[in-house]
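Pasting the structures in now, so scroll down.
Same chain, two partners: chain A is paired with chain B first, then with chain C.
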Partner chain A sequence: MKLFRNRRSWAWPYILFLVLLVLLPLALIGVYAFTDQAGHFTLQNFVQFFSKSEAVNTFIYSIAVALVTTIVCLLLGYPAAYIMALRSFRTPAVMALLFILPMWINFLLRTIATVELFHMFNLPLGEGALLFGMVYDFLPFMIYPIYNTLQKMDVSLLEAAMDLGANRVQTFTKVVLPLSASGIYSGIVMVFMPTVSTFAISELLTHNKITLFGSLIQRSFGEGGIMMWNYGAALSLIMLVIIGATSFFGQNDNDDSQKGGLL
Partner chain B sequence: MCPNFTKMAKSDYIIEVNHVSKQFEDGKFALDDVNLKITKGEFVTILGPSGCGKTTLLRCIAGFQVATSGDILLNGQDVTDMPPHLRPVNTVFQKYALFPHLNVFENVAFGLKLKGIETREMERRVKRALKMVSMSDYEYRDVDSLSGGQQQRVAIARAIINEPEVLLLDEPLAALDRKMRADMQLELREMHKKLGITFIYVTHDQEEALTLSDRVVVMREGKIQQIGSPTDVYNEPKNCFVANFIGESNILDAVMVKDGLVHFCDRDFECVDHGFGENTAVDVVIRPEDFYIAESKAETDAEKADDPWQLHATVQSCIFKGVHYEMTVLTDNGYELMIQDYRMFEPGTQVGLLVKPEDIQVMRKERLCNTFSGIVKEDNRVEFLDEDWNINDRTSERFAIGEEVEVEVDFDHVNLQDDEDDGTLSGEVHFILYKGDHYHLTVRTDDGDDIYVDTNDIWDNGDRVGIKVAPSYIRLYKKEQAKDETVS
Partner chain C sequence: MSQVITIDRRGRLSRVAGQAYLWLLLVVLYAPILLILVFSFTKSKVFGNWTGFTLGLYENLFTGYDFEAQVRVDPNLYRAILYTGVIAIIAAVISTFLGTLAAIGIYNMRQRGRRIVSFLNSIPMINPDILTGISLFLLFVFLGISRGLGTVIAAHVVFCTPYVVLSVMPRIQKMNPNIYEAALDLGATPWQALRKVLVPELRPGMISGFLLALTLSIDDFGVTFFTKGSDGVETLSTFIYADARKGGLTPELRPLFSLIFLTILLLLIGMNIRTARNQKKLN
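The block that comes next holds the complex of A and B.
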């Protein structure tokens, strides 16, 4: 009984969870990435990746797609969040809900629906469809954190800026934008990270015509059989490093001004 | 800044507010035909309880809100629709509104940076402004690390560095503790003298208003009640609201017998007021510290009639308030008065009271009874305030059915019920005034009409009540036909 009284012991299930399902897989990825099938240390997996221009190109293309998706989401999402947060609508909460609503439905279903939509209007699947689908899927992840920071912003700060001589544009660039930086940052991370590693969306929306880095990894494990596991692990590690880099990017000046971002 | 302002100094007033009204979406008036003229260099305080429209008025001057009607002139120029960033005024916000992403220096320099002042000059001016508010060593501190008082100082520095012609202060000291508030009040006064610019200061704290300002503007429910110097509004309040809101006061029903003679507490008093007419119902205000109080030895009525005291009373309670004692006394003829004196009189003590003629402030009554406009209906009924009321059948005979009439009900004939369903009409107690021997209540009906009630019962602000009037107390009068109504 003493075991339950000690609050520290409550953490054990979670620690177990983290070790088994996060740390162990990570360690396995590391081990597989740097070994060959026989289990000997090797850098061959990385050499294989960097020597194949097709693989590197896929990697660069995936990052480009993720970047474009993120930028489009930001350009579309920020104004939406701004309009809702400024209470130009009587029921901003309802509007926010409508933007979040698609998140209630599994993204695979949404993607299949998007494919049908393109068929319905006789639009070709491909790069355009891919970008459309990605933006559609990830837009809420951009809007929500930005809306959150903007909504918590004190209106008197905007009034103070105007009072001190700032016009609308200056009020926005000098007060609203810097104060919503943490939300923008959260939004970027939340859109960029999953889009880099997407595979199902790209396969469905391009009819497998375009291969993204996520698909490459998936194929290494799925179709390649046990032979490709080491290579797939190396690809995963490369992606992890890239994603890790983005989430640390710009974080230093964000520690205390973060108010309401999701991360 | 707009160059027009520098060359336009023709107007005597730096700010003119002309017939400004502000109506919100729900139809309520936050400002109702406000007129205010402020001269250059004045320290004006807008004082009133919360919801009286004082902040709305300030925000209209700052440009954050646009008046529904009327206009606002700054230095003679119409700025009613001018956006805030073009107005030569700066605001100190209630909750400071410092930019959290900027440090103290950057906050203060915000306005200068926008104007494109060069770096050296900017640094010099920021240092000077921070010195003025005694925050010299805090330039590179994070604003979140400052205390409330320090943040307020930075907010003031940020506003005055732009050398505005008018500084607007929206309850700037409300969030500070008492001691700090008193210190800041003194500093604000000093600053006002040094800068020589106009200060418009909004507060709900009457003491603060009296301490700081050259002129006080008392507001209530969107209307200006009185404008005057602190001594004016304290010593010569224009109406019961002002008298009651500023300082402690005894407000009593009285009759102005003739010039210089007023009757209340069942006797005549000499006073210095003129021009109210003869035998006119008025209100009198006597400040608790204006009564002379002393123990009285007189016991019989004859003895009392002989001694020089104007009123005889018994002390009911006595509370020590620091500098003085605050006593409630009950006069022999049944009036309860509040008296302040530096001497203590034990409860139960027989005392005599005197008040000097110049300490009696006589005020015109705003109304003598409730008046409504109504329509005579069938079955001895009359409609007013959107309800049907029974009336005396003899009254109804004098009027045709459907005729528009004036309806009068005396204050003391309005009957308030505990249960709001028991009344013909329901409402809420909105304002309470103690008149020595009864309460004068303002009851606001659910439709927003006011009914005034004299009662001996004790009600609280916000109490829900049912309103009833006995048929025989509803008086009807012929509506004075608007004969000149024809439009030429």
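The block that comes next holds the complex of A and C.
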């Protein structure tokens, strides 16, 4: 039982689990991406992607959709978080809860209900519906982290800024905005990552009129069968690179929250 | 209110505008849900068609039989509900166990090891569900494991456990690190010390981790989609997706999710009333 006296070893089952079910699978994406069906090394999968303008366009379009969604979420969500955190609301916590509550309804069902809403008002299902649905689904992910950082902010800092002669705009840009930067970063990451990789929402919202990169990946693992797995893995690897870059961006300013987390 | 902010002396107008903005956002956010609620009280097959008020769909949902149309409610719906529950509970139990042990282990590691494991732990949280799903799909194919209930549960444990680790960790940091040793010195076996000393200390973190895992598992679509195989394992998410692609949505989903929504709403209201009452007592 000496093993268990050393509590460091208690993490070993989980470490083994992570290696087997997280690292190895991710490595397999790389392996499949650079091999053909027979298992020989090839760059064919990437050539296939970059030579098809349709696929590349889908890729660029998906990134654009994710960027626009993220920006709209930030523009709508920041004021909401600000109002909730800094105006004397009788019940800011209840308000914050109200913004999270919809997430308890299955997002596919909510998306279908959104489509129904568009039908009711005779709105066309296209780009507009796609953006609306994406913003609708991911807005809480933007509001919450920003609300959290703003709420932790010391209000006397604002008073100090005002007392020292800053006007309202200056107080906002020089004090509030920098102090909420970490919330903004994590909000951006939390909205951008799922939107750039989504695959079911776009199909439902546009009745398959618009294909996003995520759907492209999904299809290579779907009906097409085994022929497309290597191609799909190559697309997944491209997605993985984007996700890695985004999370790196998110970590720039997140030292504080990390300290509160694991260390 | 302990913290009335007095900076804003132009106060009233801008506060009203601010509140109006929040309520407007909430109205838009809740509109689709309201639609589901409203149309759970009519019996039309097509979502969005009002054919008169009735509790018929609720009756169908609970009896499993549509007496008017003389047909059974899609039995797959009930299997999906069952699968969703079973998968969520098993995955949450395993994650809570694995994650709590891991958190204790990580806490006792040296700086460098801690950083490495923390990084590994964050990968499933950062990874979008499509990548987690596809990478696990490739793993199961690679190892020749046929996909089904077991692979779905394993996959759910993958993305749930990191959150358990994160919810237990703050409790460990607050805990007196010597009580475990004290228990051992007083003759407890490691297992007894874990059960009687550590677990009671860590319980709040474990419970919130468990609930978080439950929620994440119930809500998941992407990972389940790639790891469920074609043996008929369907959760509510994949059931709804398949349903929507076929064109029609099983009408009984409307009362089902209305009930889920109302239950959670009531729970939250109840919790808030309780904390408000406790605060009053403290004052």
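One rule holds in what follows: the second predicted complex is superposed on the first by the 243 of 263 C-alpha atoms of A that agree within 3 Å, B and C clash if a C-alpha of one lies under 4 Å from a C-alpha of the other, contacts with A are read in each partner's own complex, and residues count from 1 in each chain.
Everything that follows uses one rule, which is that a contact is a pair of C-beta atoms (placed from the backbone, for glycine too) under 8 Å apart; a residue touches a chain by one contact, two chains touch by 3 or more.
Remember, predicted model here, so these are calculated numbers, not experimental data.
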{"item": "Joint occupancy of chain A by chain B and chain C, clash or fit", "value": "fit"}
{"item": "When both partners are placed on the shared chain, which of chain B and chain C touches more of chain A", "value": "C"}
{"item": "Contacts of A:M120 with chain B and chain C, given as first, second, both or neither", "value": "second"}
{"item": "First, second, both or neither for A:N167, with chain B first and chain C second", "value": "first"}
{"item": "Which of chain B and chain C A:V175 touches, first, second, both or neither", "value": "first"}
{"item": "Partner chain in contact with A:E159 - chain B first, chain C second, else both or neither", "value": "both"}
{"item": "Partner chain(s) touched by A:L150 [first = chain B, second = chain C, both, neither]", "value": "neither"}
{"item": "Touching partner for A:V94 - first (chain B), second (chain C), both, neither", "value": "second"}
{"item": "For chain A as apex, the angle formed with chain B and chain C - C-alpha centres, to the nearest 10 degrees", "value": "80"}
{"item": "Minimum C-alpha spacing, chains overlaid - chain B and chain C, in Å", "value": "6"}
{"item": "Shared chain A surface residues [contacts with chain B and with chain C]", "value": "159, 162"}
{"item": "Residues of chain A touching chain B in the complex", "value": "154, 156-157, 159-167, 170-171, 174-175, 178-179, 181, 256-257"}
{"item": "In the complex with chain A, residue positions of chain B that touch it", "value": "1, 62-64, 83-85, 89-91, 93-95, 97-101, 110-111, 114-115, 142, 144, 158-159, 162"}
{"item": "Partner chain A, residues of chain C touching it in the complex", "value": "1, 3-5, 7-8, 15, 18-19, 21-22, 25-26, 28-33, 35-36, 47-48, 98-99, 101-102, 104-109, 113-115, 117-118, 120-121, 123-124, 126-131, 134-139, 141-142, 154-155, 157-158, 161, 165-166, 169-170, 180, 184, 189-191, 215, 219, 221-222, 225-226, 236-237, 240-241, 244-245, 249, 253, 257, 260-261, 264-265, 268, 272"}
{"item": "Chain C-touching residues of chain A, taken from the complex the two chains share", "value": "1, 4-15, 17-19, 21-26, 28-29, 32, 76, 79-80, 83-84, 86-91, 93-95, 97-99, 101-110, 112-114, 116-117, 119-120, 136, 139, 155, 158-159, 162, 193-194, 196-200, 203-204, 214, 217-218, 221, 229, 232-233, 236, 239-240, 243, 247, 260-263"}
